[in-house]
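The data blocks that follow each hold one structure.
In the two complexes that follow, chain A is the common piece, with chain B as its partner first and chain C second.
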Partner chain A sequence: MTSPLLNKLNALDRRWIFLAMALAVLSPILLQIGSDETPSPPTIKLFDEIERLPEGSRILMAMDFDPTSAAELYPMALSFTRHCCLRHHKLYFVTIWPTGKPMIESTIKAVIGADFGSGDRAYQYGVDYVNLGYLAGDAVAISQISSDIRKARPQDARGTSLDELPMMSGVISVKEMDLIVNASAGFPGGKEWVQYAATPKKIPIAVGCTGVQSTQLFPYYPDQLLGLVTGIRGAIEYETMLAAKYPDPYANRSKRPAFLRGGAQRWAHRLMIGLIVLGNGIHLANRYRRTPHP
Partner chain B sequence: MSKTVPVLIASIVGCIMIVANFSPFLLPARQIAEDWFTIVATIAMMLGGANLCVHHLKNISDREAGWGFSAVTLISFFITIAVGLLKIGVVPESEQQVKFAWSGPFQQEGSGFWWIYQYLFSPIVSTMFALLAFYVASAAFRAFRAKNLEAILLLITALIVLVGQTRDREITSLFLPPPAEGMPQHVPIADLTEFIRKTFVTAGQRAIMIGIALGVVATSLRILLGLDRSYLGGDE
Partner chain C sequence: MNRETRFWTVMFLGGCLFLAFQSLGTARGVGQQFVVRVDATTGKIIPPATGASDASSAVKTVIYEPASKDDPEAIWSFSRTAGIWIAALLTLCIFSYLYRDNVCYKLAESIIVGVSAGYWIVTNFWEVLVAKVLVKLAPNVARYSFLPDTPVDVKADYLYIVPVVLGCMVFCRLIPKIAWMGRWPLAFVVGTTAGLKLTSFLDADFVRQVRSTILPLVVFSANASDVSTLDWKQSIQNIVIVISVLSCVTYFYFSVEHKGLVGRISRVGIWVLMISFGASFALTVMGRITLLTMRLQFLFDDWLGLVRI
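Coming up: the complex of A and B.
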């Protein structure tokens, strides 16, 4: 028994699959088709904690990612920073990834520079936010700033002594932070912040991580991790909550990069499901064809 | 003797780190050990750089297959180091700083190193990561097939999680009666995804993590007691 269609599908060139994936990802981006999400409890918990903290609370923003995972984590970093700025918390940016410093600078420019850099309550460097830059030493760097920030980093990323910055007055170590928010792409990242800073010093921590890393971090939730925002879906959830709580101008699509990326991910997932079903349909048809029939 | 001193250093520093975790009196000693770790790690990074050069220079010298890639690696390596160390394109940032380029940070916006990061490193690594989507799609079509019971179980789980991760999961609630007023709509596949994550995935991960932790404790004890010297290289 032969089937021309089955023969064609069996010999399908993989470049057609590549083309289909390219279209599935590109079309929603070009047509600006986004996707919303219903917030999940681990994301809601982080959002509520930032809302609950009194104005001016100290938040350590650990941006441990690079351009490889920026597609997932950069929209999260923007949302976390924007939310903290809306609540007027004090932000301490740091990274333990050598390639993470430009990510901090880009986040500061896109959020603080664009939306909170002017007006009556403008964010001022050294008073409301500081960029501590890159800390070398992976997990040891976390351990160092857990006992003494100045030992690990006597100056900020601009070369200014930490003692000259008003917001560093009274800050000796991570212990003085009210919350750690970590955007983590792998090692060193969320797991190390939990093990070397948050749990020993009893500081609340929430992590935003890539989708593939979520399985490694979920065992820490909800005991060691206050909240967990996973992948682009988590970023969309956070943006959805931010847009609902602060509709103007954060409901605007241009302020919601995760929403726009969600459309591409949704269509890519649909294609994947379709390909798995089609592949297995071909497999079953081949088995049926090989089986002798009376 | 050549190995006794490093073993003693490792044992003493390891013991200090353990005891300092429980006693604040040893905190200064722990901070010194951490400073030394950073210094030793930096030296190790320089050794790594030297090793990279030796490896690729040998590839080029022996004209091994793909020696051209080794040449590109070395050229990129040295250009990046030179641009960063010489702070090409860096300008002084504030009046507090002295008026010459060396005073600005090497990653300053507009500098040569910043340019390499923004326009070479960033697009290259993003592209490499993005390519995964294409290969995963191809693999899903060709290899992810229900060939035996294990594969069927994996396939069903993957499909449930895949659908559960997008808003398309809400299709599964279309045939259910509407929820009571003020209550969220029940989404069966979302609940199933959560069940898989909370039960199987988290339990498996915890087992792996506990296993790794026990292994780390055992290996650390062997190193502290000088029984395991494999980290020093050689046959021991």
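Coming up: the complex of A and C.
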């Protein structure tokens, strides 16, 4: 038994699939089709915790990612920082990735510089936020700042002594933090913050991680992780909650990078499901063709 | 040139011409970047310089902030425009691998490897060798050479000689006669890492994980009128967790032959593992599609300016 369509599908050049995927992703980008997601409990818990903490609480923002994982984690970093600034918490930025330094600077510029740098309650460097920069030593660095920040880093990223910064008075180690918020792309990251800081020192921690990493981190939730924001979907969930709670200006599309990536994600997933069904259909048809029929 | 190659070449060139034509018609142009000059001390925008006698030339620290082409204060930025073009062309070089392996892809790949290695070396030079070794051992030298911001009250800590010596001993491996000395720092690293990992792992990944798995299989929760009712959702969740953990542990228990009841339980363990691998793979795909989305956003928005927000 022969079928011209089946023969054509069997010999289909894979570059047609690449082209179809490119169109599925590109069309929502050009047409600016976004996507909202219903928030999941691990994301809601982090959002509620930042809301619950009293104004001026100390939050360690550990930005352990690089440009290759920025597609998923940068929108998250923006949302976390925006939310903390809206609640007027004190932010301590740090990274244990050398490539995390520009990510911190970019986040500070996009959030604090653009939205919270002026006005009556403007965020001031050294008073409301500080960039502690890169800490070399991977997990050992986490262990070190868990016992003494100044031993690991006597100066901030600008070269100012930590003792000269008002917001560092009374801060000896990570134990003084009310919450650790980590944007994690791999090793060292969320797992190490749980192992070396949060669990032994009993500090609440929430992690925003890449999709790849989430299956490694889910076992820690909810006992050792207060919240877990997973991949671009988690970033969209967080933006959805932020837009619902603070519609002005965070319901605006230009302030929602994850939302704009969600539309492309949705269409690409639909195409993939279609291709998986088609591929299995072709496989079954080939098997049926090979089976001798009376 | 065969028919297939001709077809794809025509498609590619046609697409490029169409995009270039479309892009030239937009306000943002093809990757053109504009900036405004901002006085770093006052935060005020400095108007574009009109000549050598311009007052703005007296400003010492100037920051360049991105601006719209329509901004009257905006000036065209060569470096930023070149940066966008280089990034766009390198992205296209990487994408060209989808067609087939080629020299453009190899070039972009080599640039990534070289730039990454260079970035790591420079960062670690400043953050480890200078900030952690030189400042600790000779703060005055650090202040007068690399780091003028080093506080004057920093005292030398000669204990840091130990890691410096151990670090230097690693290079002994390059000299065959004293190569054995290179094992000492490695032994130190292995020993300390094992010790550090053991304590943290035992607490965070063993004791706490075992505790998280000891769950009630039937959960009752109080409703608004304080009457205890069966929380079937939580109960099912707990039952699934307990069954999954026990079946996976059984699958990795090799002291008993996997036959009969043990075989059936370990079979459930395989299913649980397969489901978790499937979830990992699906999440990986999600991450990769997000990366593709980001690059296409860059190409069609930042470079070609075809996305109208």
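To be clear about the criterion, the second predicted complex is superposed on the first by the 294 of 294 C-alpha atoms of A that agree within 3 Å, B and C clash if a C-alpha of one lies under 4 Å from a C-alpha of the other, contacts with A are read in each partner's own complex, and residues count from 1 in each chain.
As a working rule, contacts are C-beta pairs under 8 Å (C-beta built on N, C-alpha and C of every residue); 3 or more make two chains touch, one makes a residue touch a chain.
All figures in this text were calculated on a predicted structure; none of them were measured in a lab.
Once the two complexes are overlaid on the shared chain, A:R58 sits clear of chain B and of chain C alike. After overlaying the two complexes on the shared chain, residue contacts for A:D36 are found with chain B alone; chain C is out of touch.
In the superposition on chain A, contact of A:L278 is made with chain B only, not with chain C. By the touch criterion stated above, A:R256 is placed in contact with neither chain B nor chain C. By the touch criterion defined above, A:T215 lies against chain B and chain C together after alignment on the C-alpha atoms of chain A. Of the two partner chains, chain B is the only one that A:S147 touches; chain C does not reach it.
Applying the stated contact rule after C-alpha superposition, one finds that A:F18 touches each of chain B and chain C.
Touch criterion met: A:D223 reaches chain C, while chain B stays clear of it. When the two structures are aligned on the shared chain, A:H89 is found in touch with neither chain B nor chain C. Shared contact residues of chain A with chain B and chain C: 18, 21-22, 25, 68-71, 99, 101, 136, 140, 143, 159-160, 200, 211, 215, 219, 231, 233, 265, 268-269, 272. Of all the residues in chain A, the ones that touch chain C in their complex are 13, 15, 18, 21-22, 25-26, 29-30, 32, 68-72, 98-99, 101, 133-134, 136, 139-140, 143, 154-155, 159-161, 194-196, 199-200, 210-212, 214-215, 219-220, 223-224, 230-233, 253-254, 260-261, 264-265, 268-269, 272. Residues of chain A that touch chain B in their complex: 12, 14, 17-18, 20-22, 25, 35-38, 66-71, 99, 101-102, 105, 136-137, 140-141, 143-144, 147-148, 151, 157-160, 200, 211, 215-216, 218-219, 231, 233, 265-266, 268-273, 275-276, 278-280, 283-284. On the chain C side of its complex with chain A, the touching residues are 4, 8, 98-99, 119-120, 123-124, 127-128, 131-132, 147, 149, 151, 154, 196, 200-201, 203-205, 208-209, 211-212, 276, 279-280, 283-287, 289-294, 296-297, 300-301, 306-309.
Chain B meets chain A in the complex at residues 21, 27, 30-31, 34-35, 37-38, 41-42, 93-94, 96-97, 103, 105, 107, 109, 114, 117-118, 121-123, 125-126, 128-130, 133-134, 136-138, 140-142, 144-147, 155, 158-159, 162-163, 165-168, 184, 197-198, 201-202, 205-206, 209.
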